[in-house]
């Protein structure tokens, strides 16, 4: 039915099966769209957000998605700037994953603001001292980069490639892709960092506040570090998942393992710096504010276990697995480590958002908890459906895995 | 045309680009006098067109620019004691005007006015990202989760001096800035540039039946606040965070003063 | 690609370029943002010339002067009047709420006649003349039937021209049944009558008092004239270094207790015992004012009656029965603290004992007040700076004499239905709380046929509210003059809505507890917003429509001319300043102060001697009112607790006031009761969980709020919630504490003296 | 925000931030223009 | 097909393509610059045709009608009572004058003037600061309205409700006189030029 669009020489499932699969995910998208329309039409009182939790599920989801999407820029950075050539075999996929993550993040941001029609004020009336401004500019710019990176992949479609102009355009774009990738990496470093800065500059919130190294709080660097440490793992996870669903080998094992190794060592690096930062925060920053370290972990779900989960279970353990050759090469452990690594970063983004706001700062203030409602849940989870749909479409109609033919003879 | 303008503003002492520090408005609230009656809250809400809903018992979505917090000393009966903390916006100065909320606002919807020391909030500029609320440790900023609705004819009692807010934006105490504007208008009409202490008072100050709130220019030795803030019993909320607030509190009870900030277990408070 | 497709593509490219370089996208983006800044459904208050009008607040007996800020014709803000002798610029949250009562929900927009069943809320709108005709038909009929005495009125207060008009209407018409809403004033007036010879309210020179012992009076929770009390407290705080001190005697840590220098925790209801304990120490240590006691007091020492029997005086009776140890056992206050407070009290300059529970609307027994007032006599702090005084009424021009025809004469001679002033309760003036018992039990002399209600809301405010409602429901014709649909208006047969406080003239007499004669004038600051009429005008119109000589007692054209005539030369001052004060007033000298037959301050109430069972009953004493219910069923004590943020009288909360109420008092529609953590453990209660609160009078589902500042074994219930009328901003929120507390009758006066109730709490 | 808007201030923050921003935007813009122009000539020359 | 044909065809198709492009460009420019503004703004006539010239002659200056109150606030457009001071009875035979008397003065109904310079509710503008302290002439912001003999048609933006005079009659937003637009930028630039405070609360409420 759509065989004319499917890349030459590749096997894809029958169209009805594909349609059903896309339909199922579209249902979730539709559900999320309804939620979004409700939130826009009736205002944010339709969520469980409140004055104590101005940031909640959406910002957590945003931060997490963008950290997970870091695979795109970092793989591009390694491929084009550091010249590690194997990564070209996974780069296309990483770029599409990144594109999905960033577009989802933008969509969620559009939901999260009280006056979406005035959202562009952040650009036109920008306050350059605000971390959020930096985030907005960098995300939009980097999203443009991702779109530019995505274009040649789309143009490789069998039918589009036949159009001479598009073919030439794609070719030329490929030619200078390194420039875009480098710019993208530059932008991305900044906005991963500024997302960290968003929490770190809050000097009214002892949980989030960190001392500044030059003009940025340490979270600026920690967020970059943690994003590049987990982004590749997310790329691995999605790739492996795609392979499991398509029942095909799509990327050579050595590429995956190399990515895992990089991720592992970055995670080790990140954890060491994060430990140092946490120690300094506990020993110097907090006492200056008159706050005990243990006051920061008063009760469930924000007790010490969340710290142990973030840095130990979802930090040290995956790091150990990933840097050890033997464990890394065990498929089960590799996937486990990747999952833990991604979870750890999500926990980090969660605590830096929600726990930072949940802890009362005024001694006579009360502790409140916050649970998102269905509108927040569905719209926060919709990126997964979006990802399923866009990845499926890309996989079906675009030759995104250079090694697919050779691995599936 | 422009020459005429220039002549008109000669002799203005606002300083270059309006960054001259002319006034520094602030408050001293005597917690020994405050009875926790809540009149300041109602005075504020009527003065500033703050709306109300049928159910306002969820204090996490209830807009009260001035909110009276209740602190207890934590001791069992009969040694229990309570104290009320009326909490307007603290109009933090931070370091050189870098209030926690001002520096984070991405769209410059809130700024620190160096001429008055007042932290503004411009509702029509705000697009509701709520970053400032995350930044404020005093919970002085409120989000309009709903469209404001005034039942029956109660719209009739809205003040034209304060613009009602639409849904989806953040609002907070402005130190009744419109009263400053009004006082200055009157002064201008009378050919004066300066306004007196009495001419500009916030609605809560004016209403407080106990006279617990004193408002004025912290820099001006002739204003009452100037002396009051120097009392050994004066303190500010969460001073250690470096927010540098312009609202001072006063209490002769040491536990109350300690309740105004965080201290390590064995640390001595001021 | 075909030429057509490429052409179309080029067209689109061109269009895109053109649009980009036109204002369309940019202006549209800008304008859509501007649209959100000016949403048509967000109101824009119109501007205009600003004016400030002086008037007085009539929402509580506090008598504050207020100013109303107006923009053109709209009233937009209420502020305290600077320079007013009572509040000098301060204003409370209830006072500021008058705007809501003016423009807000539940306003009655014109005369209404009941169309459905009582309380059903179905009304028929009728014109004013029909409404007046309706009521005059009813009243004329009763006169013809010789039942004029079965017509009764109930007003919120007995002070001021409006309540005097009610009194006059009933007198001219022919009924003795003029009721005022029960309050502490009833007992207070009686106690002062007994001890000082005047039916009067006490005035306290709070500002100059320097050692105040408050026996349960919530001085800064809305007691007396609230703003004035706040200001006095501020004075004490300022003079703390000079030894000014407030001692609060109370079972729970009210705001007053928290602000007091000493919080004396006491078993609820035993305040009089403590007062007598203090008196014991003062007498024993001979630190009382001997000259005053000797020259100006009666009944301090033992005395001999005409039969020759020697009776104990106050001194011996107190020395015998109220030793610190004995008092400590009754009250739970440690004996040494009693001695310390007594010594401080006796030595202080301006030592003042203040009585009253809550805001001063909750009752207290006459003997309790006598016991506390005896302390003021011991230190001779009567009619002195910082002391207690009895104020004369502000003089006004007397009305033309009352004209009564035969029907009126015989009607007014009938005994009152509540037996006040009869042999049963010779000294009492109005005993509204007796009505349920009398009407329901049928023991009254006669049933009431008509009730006119103004400024009161008995369907909400009275103890044992259910019984009150049942009793009132038996009255066939109830007329309400309320301007808002309160519980009583909701049960009325006819409503003649009054202007709200900002639309009408009214004289505001000296506020309760004031030590200076002050009168203020409430004035219309905006024109009437609805088809309402001043209650005074309604009364005059009714009087003029009645048969017989009734109209002759009402020679005035309207209320305004009546008020002008009554206030005489004070009118011009009141019009200009908004208030009048008796600048040169000084309290009478001791030799003139006491207007008993004896001319002295009477520890021994000689007025009571004739009717008393024993002479001892005529002395200040403590007798704990027995609460109904058995301890094993109701192991806890329930006490009402009051707050400035909740109006519990005939004027209800505005939405903004309710907004200030903490979520530990009202959460959604659930009322929270305060319980000590120890009580919670003993009774299996959990913080923020629901529980069933039962008393002998009723049951209610409440939420538990654990609070250390309340006595173990005691439950505090906030008052002022649980309305069944008004609008959705108030109706159905919380529980009415009056549903749970029954009446306890004081044997001597017939007054209700219930200060609480037995209760139980069970987790549900 | 552009320098001719009154809210603009010539201070370090604005210069650094907007410097970085316009630098990145220029690269993207120039890159895309280059690719478009080159494609145009490629197609014209190649004629396929 | 010959090479000649090929070329002609290419050239022909190029021309067609160029025409398509230009048609698209022209059409959209027309839409953007002419049709869009026409749709965006709607027009209303003032209730009464008013002549400033006549009134300035009679009263003498602007402040006779547009006066300051004692509290320093500015009265703006006079209300009916101000008008009635002179127009209790008709002055002359002008039909507009008679209309005013009949429709507004006699029934005591305020004249629903539409204000060309009406700022949105969020704006606080102090006439006292500009006119009294700053000694700025009325026409600096309001232009030549004092010399008008007839009322202009009131145009307003159907989306925002703003008077067209705020944005300026020119849809491009370009102006050559200070009174041609009244946007925030205009206020801000003037404040900047004169070293006046540009903090938000100076002009916002």
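Lettered A, B, C, D and E in written order, each chain numbered from 1.
Here, contacts are C-beta pairs under 8 Å (C-beta built on N, C-alpha and C of every residue); 3 or more make two chains touch, one makes a residue touch a chain.
Being a predicted model, the structure only gives us computed values, none of them experimental.
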Labels of chains that are neighbours to chain B and to chain C: A, E
Intersection of contact partners for chain A and chain E: B, C, D
Chain closest to the middle, measuring from C-alpha centroids that were averaged per chain: B
Remotest chain, chain B as reference, centres from CA atoms: D
Most widely separated chain from chain E, with each centre as the mean of CA atoms: C
Whole-Å separation of chain centres (CA-atom averages), chain C against chain E: 57
Where chain C and chain D are represented by their mean Cα positions, the distance between them in whole Å: 74
Distance from the mean Cα position of chain B to that of chain A, given in whole angstrom: 39
Distance from the mean Cα position of chain E to that of chain B, given in whole angstrom: 36
Shared-contact residues (touching 2 or more other chains) in chain C: 32, 35-37, 44-45, 47
Per-residue multi-chain contacts in chain B, two or more chains: 58, 62, 70, 72, 108-109, 124-125, 147, 163-164, 166, 168
Sites on chain E at which at least two other chains make contact: 71, 73, 120-122, 191-192, 198
Set of all touching chain pairs, with the criterion as stated earlier: A-B, A-C, A-D, B-C, B-E, C-E, D-E
Complex contacts: residues of chain A adjacent to chain C: 115, 117-118, 120-121, 163
Complex interface listing, chain E residues touching chain D: 185, 188-189, 191-192, 198
Chain B - residues contacting chain C, complex: 30, 32-33, 35-39, 41-43, 45-47, 49-50, 52, 54-59, 62, 64, 68, 70, 72, 74-78, 80-84, 124, 147-148, 150-160, 163-166, 168, 203, 206-212, 252
Chain E-touching residues of chain B, taken from the complex the two chains share: 1-2, 4-9, 12, 14, 16-18, 108-116, 118, 120, 122-125, 161-164, 174, 177-178, 181-182, 184-191, 193
Interface residues, chain C side, partner chain B - complex: 36-37, 39, 41-48, 71, 74-80, 87, 89-93, 96-97, 99-100, 102-105, 107, 220-222, 226-227, 230-231, 233-234, 237, 240, 253, 255-256, 258-259, 263, 265, 529, 644-645, 654-663, 666-669, 676-678, 707-712, 727-729
